[in-house]
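Only one structure is covered here, and it is reproduced in the block below.
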Amino acid sequence: MTDALLDVVGRGLRVYDLGRQLSVGMPQSPNHPAFWHTLPRRHGDMVRADGSSAANDMIVTGTHVGTHIDALAHVSHRGRLHGGADAAQAGRGGRYLEHGVHTIAPMIRRGVLLDVPAALGVDALEPGYEITPADLDATKRAQRTELAPDDVVLVRSGWGRHFDAGADAYVGRETGVPGVSEAGARWLADRRPHAVGADTIAFERLAPGGGHSSLPAHRVLLVESGVYIVEALALDELAEQRVHEFTLVLVPLNILGATGSPVRPLAVVARA
Amino acid sequence: MTDALLDVVGRGLRVYDLGRQLSVGMPQSPNHPAFWHTLPRRHGDMVRADGSSAANDMIVTGTHVGTHIDALAHVSHRGRLHGGADAAQAGRGGRYLEHGVHTIAPMIRRGVLLDVPAALGVDALEPGYEITPADLDATKRAQRTELAPDDVVLVRSGWGRHFDAGADAYVGRETGVPGVSEAGARWLADRRPHAVGADTIAFERLAPGGGHSSLPAHRVLLVESGVYIVEALALDELAEQRVHEFTLVLVPLNILGATGSPVRPLAVVARA
Amino acid sequence: MTDALLDVVGRGLRVYDLGRQLSVGMPQSPNHPAFWHTLPRRHGDMVRADGSSAANDMIVTGTHVGTHIDALAHVSHRGRLHGGADAAQAGRGGRYLEHGVHTIAPMIRRGVLLDVPAALGVDALEPGYEITPADLDATKRAQRTELAPDDVVLVRSGWGRHFDAGADAYVGRETGVPGVSEAGARWLADRRPHAVGADTIAFERLAPGGGHSSLPAHRVLLVESGVYIVEALALDELAEQRVHEFTLVLVPLNILGATGSPVRPLAVVARA
Amino acid sequence: MTDALLDVVGRGLRVYDLGRQLSVGMPQSPNHPAFWHTLPRRHGDMVRADGSSAANDMIVTGTHVGTHIDALAHVSHRGRLHGGADAAQAGRGGRYLEHGVHTIAPMIRRGVLLDVPAALGVDALEPGYEITPADLDATKRAQRTELAPDDVVLVRSGWGRHFDAGADAYVGRETGVPGVSEAGARWLADRRPHAVGADTIAFERLAPGGGHSSLPAHRVLLVESGVYIVEALALDELAEQRVHEFTLVLVPLNILGATGSPVRPLAVVARA
């Protein structure tokens, strides 16, 4: 008897790749070590007796680089991590055994896209635009999308189009970046999602010129609510195809004690 | 109407994590840059006006480190990559645009475990043991497992138990390591799998004291057959549960031009 | 009997530090891997039985970063390194055994400062200003400085003041950067120096908006003349003190096969 | 009038290179990130319009790797750095502003070699041998070498010959490594040297099988006495030539807040 999952898989899936390609020079926050890839060994460097040769790589990177997930250990408030652990103690030894990214189980669960600009009738939200609870309600209504506890909720702002324009445009330090702020984060947290995500570098609204000086949505979600945050997602193809509900596959690297991981999330639906 | 995939997901899945945890000092081949993780910023290093603080990471690693997948660009033979491309030219620019790991599509497809020691009636194969075509046939028969084209075929040797004993034991330079050699690789390639994998560091049989001086199975699979190889898998739980058929989820990092990627593959089945 | 050198040292030296401090975020060319420093282990992470504890570091960096020296292997022209070696062959194996930075002997030799802006009666040269042979002649004359073969000749432009203003200002992509171009490089090469240096990131004149698209002085000096180039020097203190002649101490890291090395050169004079 | 230093330099120097070459796979302590060098760009990867091409490097390394100097911030005792600063507070921000390697001034000063095996009439000290105060006295006497305050005192054990035999031999975890222990360190500290050094990986005596579990000489020198320690020196050539007194040139990289730096120290004497 065939496994029910394998049966669906066998009939064909449509897979949307929500991860950005990792390449040297891609947009990323200057707060994190830059992504770098190099080939220590190329073909021909050392040829074995049978004529074969191997090439290999070296990667240097932060974990909050490219499309990535924030573990709960990433942010503290008044010296406490989510659940009250002492943040200074938690990092002793050079890794966060509590709430590190190794504690995030691989996700295969319901995902939902909230396409805010589509609901508001625009291509993309303005730089620095704050997505309000009213906007989120309106989007949910316009899409007729229900949110259930433990869903992964992806909030699209339309900002993803700037990724290919380079770091200055996408990071948006001068212009600001659209997203939820404290109120919107609380609206999300109240739905008890498993994780949330966005198509911007910091998930939440950044004021023009403000950079990362204040990140209240991170506090609400990571510290107060225990909700993971996924950043720098590629959401435009989902939006174009009006795929608002899907199976979200997200598998963080199992890095002992890290505060985050690059990820390549997938939105998957069964072929009609 | 609910999506058929989401419907199965909603009824519950059993997920087996086939990836090793990435931690400083774990076993890896000395041919590749060592995995290292450190925290440039810990909680308390810089506290924002609102009392919040962020910790972050820096990762240095090869890509053939931990559980990982080999892209076709990893190995050449007589100066040629799979399909005949000039291997020296392909790496010009410091990345393999052809056959790099960015060309491997995320996998959600049928996976099969060939539990060779179980079929042979032993706990684990001997160091340096060569898994022959006859062994593979016997395993298939004992398990009553059919192999179909485009499957991901994971060959268990039982060697994975040495992972926690440290690099010397797991890398097995002195002792040798069990696995298929050229004949077994050809047996696999003849089944036209999408990818193959094993619970050892080099997938294929290593002779005692021989190290990586000769890797014929890599040539047969990567160069001649265009079949990806996954290494350092954790297969013991699958074996204990006798899960021989499953949905394999494997999502490489989308690193432009790299020859491989750390991965955390999952074997997934619907809950009964 | 006391060694003559030790005797002079014992009477007192004045040491000018010509190297820039290495810190995360300092100006550097985006062509090279960014300098990063982090502490994998801090005090208290692991305390030994006797109450002692050690902290340590991890460094990631290019070698043409901070104050640094270019080995002859850094630049080729029409596929040839200095002396005619095939440049592609020379790098086989992932390191330049010929003309790599490990072939540069530590330097303790006569150094000379050519303070061009002082000779021209300005504080600093304009962005993109080309230092001509006539300027170099005028500077030599104004200072009454003789140049001898095997000297290290440091050409000051006054641009060093921009180092603390950040990468955009110092790298000067938009504005251009002052320095010698092909003619000035040839003037220098004709004096047969052991090495040359400047207080800018690329030693030679960069046209506004041009970046590193054309670097003729590198070709003249490294490829045609076998003269090392030192970049991003701190020369203002020497200039203020009108120290135009000194003992130059420069000790590259002995990195097998690298194309350059960070250095911290010293200009040393005996105390009067 | 010629500068007195330049005058001596002009008459010729003999330079002894006391630094080890940095290469991938060289012996180093597993406590520190491994040295790695790779070429992100090789000649031919990108050729400029004029036919020139540049190759460059990426380095990953700990700072207590290869021949290196320990800053005072490297070791604490009972939560205190040298002078009493709180060790945990000192590292806040991810760098040691107090007692970091950037606070070590470049050294051009008297250096002394204490060739212990020569004085004891052996080629090299036994593994795990403790160099006692009596040994140091005997060596000083045999050589007729005086020690003055602020000297750099290099203690030779003969262990350097194992460097080329690979990491296991040189690190000497199983065998132990010769060197001073607490008493010898105190003998040295009582002479008020500026820095001390040795031809072993940890400067001080390591007991067979003991590794770095107890490092009393580090405590005495770095924490209690404010004396820098230089490790993994190449001292055999000095010993062969019986050069027991010289000018020591040692220029650490000016890395803001690091606990150490790779160095390439020179012993220099005037040519007779």
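Order of writing sets the labels: A, B, C and D. Residues in every chain begin at 1.
Here is the rule we use: a residue touches a chain if its C-beta (ideal position, glycine included) is under 8 Å from a C-beta of that chain, and two chains touch if they have at least 3 such contacts.
Note that the coordinates shown come from a computational prediction; the quantities given were computed from them, not determined experimentally.
Chemist: Determine how many degrees of rotation, between 0 and 180 and to the nearest 5, align the Cα atoms of chain A with the equivalent atoms in chain B.
Modeler: About 180 degrees, rounded to the nearest 5.
Chemist: Comparing residue numbers, which of B-D, B-C or A-B shares more than half of the contact pairs of C-D?
Modeler: A-B
Chemist: If more than half of the interface residue numbers appear on both sides, call it same; otherwise different. Which is it for chain B and chain C?
Modeler: Chain B and chain C contact each other through largely matching residue numbers.
Chemist: Go ahead and note the Å separation of the Cα centroids belonging to chain A and chain B.
Modeler: Chain centres of chain A and chain B, defined by C-alpha means, are spaced 25 Å apart.
Chemist: Indicate the whole-number Å distance between the mean C-alpha point of chain A and the mean C-alpha point of chain D.
Modeler: Chain centroid spacing, chain A to chain D, equals 45 Å.
Chemist: So how far apart, in whole Å, are chain A and chain C when each is placed at the average of its C-alpha atoms?
Modeler: Centre-to-centre distance between chain A and chain C: 42 Å.
Chemist: Multi-chain contacts only, two chains or more: what residues does chain C have there?
Modeler: 33, 36, 38-42, 44, 58, 60, 94, in rising order.
Chemist: Name, in rising order, each residue of chain A that touches chain C in their complex.
Modeler: Spelled out, the residues of chain A in touch with chain C are 25, 30, 33-34, 36, 38, 40-42, 44-46, 60, 92-94.
Chemist: Using the touch definition up top, name the residues of chain A that touch chain B in the complex.
Modeler: Of all residues in chain A, those touching chain B are 3-6, 8-11, 13, 15, 17, 19-23, 31-33, 37-44, 48-64, 73-79, 81, 87-88, 90-91, 94-96, 102, 105-106, 108-110, 213-216, 218-219, 223, 245-247, 249, 251-260, 262, 264, 266, 268-270.
Chemist: Which residues of chain D touch chain A once you look at their complex with the stated criterion?
Modeler: Where chain D meets chain A, its residues are 24, 36, 38-40, 42, 58, 60.
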